[in-house]
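Okay, so subunit A shows up in both of these, paired with subunit B first and subunit C after.
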Partner chain A sequence: MLNSKVMQSSRTQALLLIGPALVVYATFAIWPMIEVVFLSFQHWNGLDPQREWVGLENYQYILTKDPVFWIALRNTITWTLLAVLFPPTIGLLLALGLNEQLFGRVPMRAIYYLPVIIAPIAVATMWKWMYDPFFGLFNQVLTNIGLQAWIKDWLGDREIALYSMFVAYTWQYVGFSMVLFLAGLQSVDRSLVEAARIDGANRWQSFKHVTLPALRVTIAIVLVLSTISSLKAFDIVYGMTGGGPAQSTQMLALWAFMQSMQIFDFGRGSAISVILLLVTLTIVVPYLRWSQRDEGASE
Partner chain B sequence: MTASGTRFEDDMVLVKRRRDPFLILLWIVLVTFALVWIAPVVLIAFTALKSNAEVMATSAFAPPETVAWSNFSGAWARGNFATTFTNSAIITVIKVPLGLIFSAMAAYALARIRLKFGKLLLLFFLFGAMIPFQVMLAPIFTLVNGFGLIDTYPGVILPYLAFGVPYQVFILHGFFKAVPKELSEAALIDGASHVTVFRRIFLPISLPVLAALLILDFVSTWNEFAMALVLLQDRHMWTLPLGLMSFQGQFSTDYGQLNAAIAMTVIPAVLVYMIFQRYFVSGLTSGAVKG
Partner chain C sequence: MAMVQVSGLRKSFGALEVVKGVSIDIRDGEFLILVGPSGCGKSTLLRMIAGLEDISGGRIEIAGRVVNALSPKERNIAMVFQNYALYPQMTVAQNMGFSLEISGMKKAEIEKKVADASEILGLNPLLQRKPSQLSGGQRQRVAMGRAIVRDPDVFLFDEPLSNLDAKLRVQMRAEIKALHQRLGSTIVYVTHDQVEAMTMADRIVVLRAGRVEQIGTPLELYDHPENMFVAGFLGSPSMNFLRGTIEGGSLLLSGGERLVLPSVPRNAGGELVVGIRPQGFAIGTQNGAKATVKVVEPTGADTHVLADIGGTEITCVVNDRVDFAAGQEIRLSISAAQVHFFDPVSEERID
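And now, the complex of A and B:
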């Protein structure tokens, strides 16, 4: 009797506690995700009271008649592969180094983490200026050390603009991977590492057989987070090149935005969004299932 | 930065291990790399304090000879920083605490109250933490426009809350779940409500985690660009990142002022990070990375 009353009142309290977060989240995050699917089957300029259902027309146009979509898709894939490979690897190496008891490791950690807290749009502005072909830092330094032959129009050259942009992105996000790895390294049993060293394992062996297996979960988290954050590369592209020159740095998130908010074709823009959303889900859903399974096992 | 305590230990260890050539080499590599990493920031700081003539005449990494503070006042006026700074401050000061309270409440209920659909709800929240909102800028615009909230503070704060909540719920849920039962059970048996237990017991012990989340949330709210670009079209409602973007477009050749503008955009987030950073790694590890 008492028990059921307690249960009931705690259900009411739970509703009160979860309510605000749930309502805001469902309305402003989940609903747009559903709406974007509707929009992708419609023809709409964003203003008309009428929206016209057009079936698969938007998808057909994007996949067959829009050359920029394919450039954007290729760039997004290249970008994601680079973003999963480089910042996490450098971040892991830095974390391993800064996990040793070295002089000044705390300020060094702070230095590597500093770019993470700088606004991406400010990073874009900084690097755009450093890449300036005439007054920029890079070409100035190259001139000063006598490597004029290496001077380039870093963001104006279609062949390299994407990679120039990626260097700025790496500069910003290495610290993010580093912090997650440092956190993960705290859970590695130091005495195991030391025991391995005493037993005659060299640094590489003890890393490979003791540290690396213990970092398995952290590595999975870092890789998934890196993939997701690379898919949302928007600010840095918008701020540095706007997708140019000649759409050579265009990406799916930015192209979806431009179609909807600048060309006012919400249907096509949303179709691009849906494709990007599907790509994201193919990464997120397996990860969620894996992490839930892990949770179940530890309980 | 807050290292005076550990630095002494580090010194001692260095003395002990002075002969380990691997560690010395590692240290040299890390320091060199750190210098490269901080170089762009130093460059911005120096250039922000140089007059345009000096920018052209001196090397990029030479400290300013005469400090040109006027870059800051100049950029402040031309870039309309009084407006954008105020807007950013208002939005951040409302959004960050409100979001943390909402998230903590929800996380407590999901971790500590037996609910039929508790696990499903948690998964539902977790899902949102993985979905990049940059993908859905157009439908967010359509929704906020439908409420008539374009160019208003609630019009950005509500979507910001929606996309901030999932990650915070996830982290706080992990933390609350690990709190020993004994801590709350006695109070609950004595007749205290869950709301009271949450406020009196769980909120105080989660302060370090909340501080870590506060840094993350402050920084990401302060720096947010894409959603503000779509939802704030009137320049009187612009936030700092939008103002900086426009400043870059108009005055990109005035290097001193441009860099002063960058510095002014970045400094508040750096200050908040420095104030709360000692909670940062410890707070995050308590929930984020298990294993």
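And now, the complex of A and C:
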């Protein structure tokens, strides 16, 4: 009797505590998501009180008649592959370096993390200046050291614009991976490292057999978070190229935004968003299941 | 198997010197235990032999070779860590074979060596398990197996039994000793537990604050402690120390009580300290020095009586099941054939 009463009251308390957050979350996160799914089956210009139900027409259009969607999808995939490969790798190397007893490693850690806390739109603006073909830092430096032949229109050349942008993105996100890896490295058992030294392991073998296995969970977290943040890359593209030149840096998140907010075709914009959502879910859901299984195992 | 010679060894961490000129000759096949309280430098000393700590001064030779500048793997030593330090993602067999694999040994040969070692340690049914699926004692055995397969010159043990429960500790103590007798290898073993040191060692090195206090066999140290520190550190419960002056074959305590001594030192001028093991007292009601019972602790086999004699608290161990009440007055006399005398200032032994 008493027991069930206690359970009851603690359940009520829990509901009271998560209630407000749940309401806010449902209103501003869950409902818009559901709304987007509805919108993707409708035709709407954003103003018309009437929303016309058109079934799969929006999907059919973007998949068969919209060449920009395919460019955006390809760019998003390229971007995501690069974002999963480079920033985590560089971040891991930095973390390994800054985990050693180096002079000035604390300020160095702060410096590498600094870009993470800058607004992406500010990063975009800054790098846009540096990439400016006439007055930008890069071309100035190349001129000054006599490498005029290397001068490029970094953001204006369709062949390289995406990669120029990715360098800026890497600069911003390397610190994020680095901090997570640094935290992960603290969990490496010192006596295991010593045992490996006594067993005759060199630095690489010790890294492979002691450090990497200890970082397994951290690596999974970094890769999943990098995937998610790269799939929704928006601000940096919007700020640096706006998807240009000639849609060569177009990406799904930006294209969805442009369809809805600039072309005022909310149906097609929403359909792109739903596709992006599906892509994200197919990556995130397995991760969540895996991490919950891991939690269950440790109990 | 090999000799280890440590001479004038020093270690400083910044301005703090933790090992202050230690010299020990470890014989071939000897089981040597470094013992001392926390912070005495015993683990640091072991880690310097292992090559895990740099040497600030002095010299270490293993099998006649100066190893000061050699990396751990070049020293041909094996170490068993307090927390076992098993690679969590590897099976027992992989853990044991890891060093051999790294050294490029052939697979068949590794398997044979691992099989031999696991046979000795009774690990055969566990070879395919991961460390997380093993009990503390089993992990400890795997850690020893990892050391055995390498056939090292010297085995180093860093408080290997500290993480085990009391019962298992006694069992593993016997196993390690049996293992030593079987392999005949040189072992350097660090512990803070004097019982471990007494029961397992061929010789014990007692360390305090980075210096060697005494080196000797367990019984040498027990019977002839060089100073009050060694006398108090070995033996359980600890030795009792009573201050007083010698007067006609008796110890005259400051409170006026007298204890008849079995022997007196040759030159006993002035105040000195007499060390008496807890087992060296007889408790009676008629003859002897007056004392007051404070606590009685029956352990089953014997009884510990904490008593106050002339303001000094002492522990007596008696075999009888005595029934004293706290505050009761008793009479104490010395039954031991041997007591120890120390200088009250230098704390050194007086013969």
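In this text, the second predicted complex is superposed on the first by the 299 of 299 C-alpha atoms of A that agree within 3 Å, B and C clash if a C-alpha of one lies under 4 Å from a C-alpha of the other, contacts with A are read in each partner's own complex, and residues count from 1 in each chain.
Here, a residue touches a chain if its C-beta (ideal position, glycine included) is under 8 Å from a C-beta of that chain, and two chains touch if they have at least 3 such contacts.
Please read all numbers here as calculations on a predicted model, not as lab measurements.
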Subunit C versus subunit B on the shared subunit A, clash or fit after superposition: fit
Partner chain in contact with A:P107 - subunit B first, subunit C second, else both or neither: first
Partner chain(s) touched by A:D189 [first = subunit B, second = subunit C, both, neither]: second
Partner chain in contact with A:A201 - subunit B first, subunit C second, else both or neither: second
First, second, both or neither for A:P213, with subunit B first and subunit C second: second
Arrangement angle, subunit B at one end, subunit C at the other, subunit A at the vertex (C-alpha, nearest 10°): 70
Which of subunit B and subunit C A:I30 touches, first, second, both or neither: first
Partner contacting more residues of subunit A (subunit B vs subunit C): B
Subunit B versus subunit C as contact partner of A:I160, first or second or both or neither: neither
Touching partner for A:V84 - first (subunit B), second (subunit C), both, neither: neither
Shortest span in Å between Cα atoms of subunit B and of subunit C, once chain A is used as the common reference: 7
Touching both subunit B and subunit C, residues of subunit A: none
Touching residues (chain side subunit A, partner subunit B) in the complex: 7, 9-11, 13-14, 16-18, 20-22, 24-25, 27-33, 35-36, 39, 46, 94, 97-98, 100-108, 110-112, 114-122, 125-130, 135, 137, 140-141, 144, 171, 174, 179-180, 182-184, 186-187, 203, 214, 216-218, 221, 224, 228-229, 231-232, 234-235, 238-239, 253, 256-257, 260-261, 266, 269-270, 273, 276-277, 280, 284, 287-288, 292, 294, 298
Subunit C to subunit A touching residues, read off their complex: 50-52, 71-73, 77-79, 81-83, 85-90, 98-99, 102-103, 146, 150
Parts of subunit B lying in touch with subunit A, wherever the complex brings them together: 1-3, 6-7, 9-11, 13-14, 17, 22-23, 26-27, 29-31, 33-34, 37-38, 40-41, 43-44, 59-60, 102-103, 105-106, 108-110, 113-115, 121, 123, 125-128, 130-143, 158-159, 161-163, 165-166, 169, 193-195, 198, 219, 222-223, 225-226, 229-230, 240-241, 244-245, 248, 252, 255, 258-259, 262, 265-266, 269-270, 273, 277, 280-281, 284-285, 288-291
For the subunit A and subunit C complex, residues of the former touching the latter: 189, 191-192, 194-201, 205, 209-210, 213
